[in-house]
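Each of the two complexes below includes chain A, the first together with chain B, the second together with chain C.
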Partner chain A sequence: MISLNLKKKLKSAGGQMVLDLKLTIEKGQFVTLFGESGAGKTSTLRMLSGLLKPDSGLIEVGETTWFNSDENIDLKPQQRKVGYVFQDYALFPNMSVRQNLEYALHKGQDKAIIGELLQFAELNELEQRKPETLSGGQKQRVALARALVQRPEILILDEPLSALDLKMRIKLQEYLLQVHRKYKLTTILVSHDIGEIVKLSDKVFELHKGRVIKKGAAADFFGLNKTSAKFRFSGEVLKIQKEDVIYIVSVLIGNDIVRVVSDPIEAAQLKVGDQVLVASKAFNPIIQKL
Partner chain B sequence: MNSFPGHITDINTNGAMSIVGVEMDGGEKLMSIVIDTPESAPYLKMGNKVNVLFKELEVAVSTQTELDISIENRIAGKITNMEMGVLLSRLTLETSLGVVIAIISSMSVGKMGLGKGMNVMIMVKLNEIILAP
Partner chain C sequence: MDWQPLALTFKLALVTTAILFVISIPIASWLSSTKSKLRPVLETLVSMPLVLPPTVLGFYMLVAFSPENAFGGWLNEWLGIKLIFSFGGLVLASVIYSLPFMVQPIQAGLSSLPPTLKEASYTMGKSKMKTLLKILLPNIRPSLLTGIVLSFAHTVGEFGVVLMIGGNMPGRTKVASIAIYDEVEALNYTAANNYSLILFFITFIILLLVYLINGGYFKRFAQ
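Right after this comes the complex of A and B.
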């Protein structure tokens, strides 16, 4: 179990903010921190990994105390078993794929892990390539493999897929789940993509101005379990147009645009960019082999 | 979306599906078929409160009270407002459930001679009713 109780004064775009956060994550869970920019998500993860020092508080991981301001305990980042993956990959441009991974080895660590990770990430054929010659998805697989070199217990994914196109995102989402299970990790994701969050995580914590304001199981959190409807998707409103006495709402679901007819009263509550649930009974859609 | 509160009074399960009877707060009874059972969906319990949801475009309107037709849910209503469009029309109906919105073709409105103040029956098939616990 990971237990965080953190206080930290932060400078945000809107001035000063006091992060005051209590959070408990079960071992082996895949959780998501959700919330608008500046809510304190990345700061929380930086404090967990030892890159940012809390003003006061406690970080306990299993039986070990990583940080305790009262007892002056503050483990160095390299003593904390955390793998960190950033949106921008943060690979060393002058090193090959293999060298990027080897650089992460700690002193005296068996090199066998490098081969295992290269194979698992299907990077064997690319191991001598420099990052600049790789696609976005390949770079992110390298960054992920590098984060696993020191066999972390906790994997932190800070918007890891947001720079990738949809097809690559979906492929890497599957890969993240495989990694999470194979290496028995406790994984903490920061993401704004509701489909991605529901697909990957067991639990969601919403942060607002440095505090946890809501938590719950992923599908419940976004209200996807609120009806008996079985034909349901989450998406983003692209267009709302009036037609006769009704409105037609175009919604982006995955890489498909679907259109949903809406009563004026409902349409008045929607705006372009809103995340929405689209649902129907399983009895209504037709299905045909292509 | 038309949405009204009620509580569950009947659950008839066979395999993975159930037909659920809901007594509405106004006393009317509506039925819904769901791909769920009391085992798969704990909210399916006698007496439990649920909201009954159905889309405006799934509401059929009839001027006859006794129709021999395979639509299970029927409620009497009075047209209190009509907004006529070219293809579709939006009817506001006062019923024992509360205000129901029905969107039907303007063709039918004309053919049936529907107008403000008329008493009609509204009908919704049981596979069009969503339950929201």
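Right after this comes the complex of A and C.
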């Protein structure tokens, strides 16, 4: 179990902010920190991994104390068992893919894990390439594989998929889930993408101005369990159009645009850019092979 | 033609550059990462030789290291080191005088790297030293090259400090720039021209090489 109780004065884009955070994460859970930019998500991850020092508070992971301001305990990032995937991937430009992974080995560690991770991340053919020659998705896989070399107990993912296109995102989401289960990790993700959060995480914490304002199981969190639908998709509202007495809402689901009829009261609650759930249960969908 | 001043010039430049390379990396690394309030003070001190007339630096070093005075006397008496009018003194003066030319490119290079490179290495359990040697320095090779070459070239071109602290002793402190001055004073224009031409072309070639390497011309040619 990880328990965090952190206080830190932060300078964010909107001026000064006091981060005051209490949260506990069960071992083996996939947890997402959700919230607008500047809410303190990345700072929380940095404090957990030892890259940023809290003003006061406590970080306990399992039986060990990583940080305790009262007892002057502050483990260095080198001593904390954390795999960190940075938003910009932070691959070492002077090293090949394989060397990037090998650098992460700790002294005397068996090299076999490198081959295993290269295989798992489908990087075998790229192992001699330098990071600058890789695509975004490939870099992401290298960063993830590299974070796993030391067999961390905690995997930290700071918006790892935000720079990728939809197809690659979906593929890598699957991949993150596999990694989480295979290596029995406690995974902490920062993400803005509701579809991604629902798909990946067990639990969601919403941060606002440095505080946890809402938490819950992922599906409950976004109110998805209210409908017992036969099928449902999440998407983004592109356009709301009035036609006679009803409204037509165009929703982007994946790469497709779906038009849904909505009554004026419902439509009034929606605006362009909202994340919505499109569900249906009253009819049988037709499945046709393409 | 007497080759000694030229040989001495390049010996001085080599020794100075080697010492500067070793001491500038920790200084630049500290300056690029610290949040200490002392940072602007140290940055100012490092950069002072850029604007200060070399004679000012030379004058104070001359005073400080003179065996007539307390510090110079102590050095001479206890350690047997005599820094004025000696090669050792020239090296020390050149190191101080060329410090900004080594520290600034390295510091700029280190600051230009994304901080996540360093942080990623730390979260992998690697020490600051290992991170510096294996990750940071290899990724700022152009800056290192620029620092090395600028310090070398700047030491070759040094005049004021050397004259103040080293004087003009053949074989010990008479470097090429001083030899040129000497020959001109003696109305010996041919000899002055010889030294000047050699310095001119050597420095031109050194700097050209840096721009070619850092501009990637050789890589493009190889492909």
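A few points about this structure:
Going forward, the second predicted complex is superposed on the first by the 282 of 290 C-alpha atoms of A that agree within 3 Å, B and C clash if a C-alpha of one lies under 4 Å from a C-alpha of the other, contacts with A are read in each partner's own complex, and residues count from 1 in each chain.
Simple rule for what comes next: a contact is a pair of C-beta atoms (placed from the backbone, for glycine too) under 8 Å apart; a residue touches a chain by one contact, two chains touch by 3 or more.
If you're wondering where the values come from, they're calculated on a predicted model, not measured in any experiment.
In the three-chain model built by superposing on chain A, chain B fits alongside chain C with no clash. Contact with chain B, but none with chain C, is seen for A:Asn284 once the two complexes are overlaid on the shared chain. Contact with chain B, but none with chain C, is seen for A:Ile246 once the two complexes are overlaid on the shared chain. The wider contact with chain A, measured as residues touched, comes from C rather than the other of chain B and chain C. In the superposition on chain A, A:Val261 makes contact with chain B only, not with chain C. Looking at the shared chain after the overlay, A:Gly83 reaches chain C, while chain B stays out of its contact range. By the touch criterion defined above, A:Tyr103 lies against chain C but remains apart from chain B after alignment on the C-alpha atoms of chain A. By the touch criterion defined above, A:Gln150 lies against chain C but remains apart from chain B after alignment on the C-alpha atoms of chain A.
With chain A fitted onto itself, chain B and chain C come no nearer than 44 Å, counting C-alpha atoms only.
Within chain A, no residue touches chain B in one complex and chain C in the other.
Across the complex, chain B is touched by residues 226-230, 244-246, 261, 263-266, 279, 281-284 of chain A.
Against chain A, in their complex, chain C makes its touches with residues 114, 116-117, 119-127, 134-135, 138-139.
Against chain C, in their complex, chain A makes its touches with residues 49-51, 76-80, 82-84, 86-88, 90, 92-94, 103-104, 106, 146, 149-150. Within the complex, the chain B residues that touch chain A are 1, 32-36, 41, 53, 55-57, 83-90, 101, 103, 127-133.
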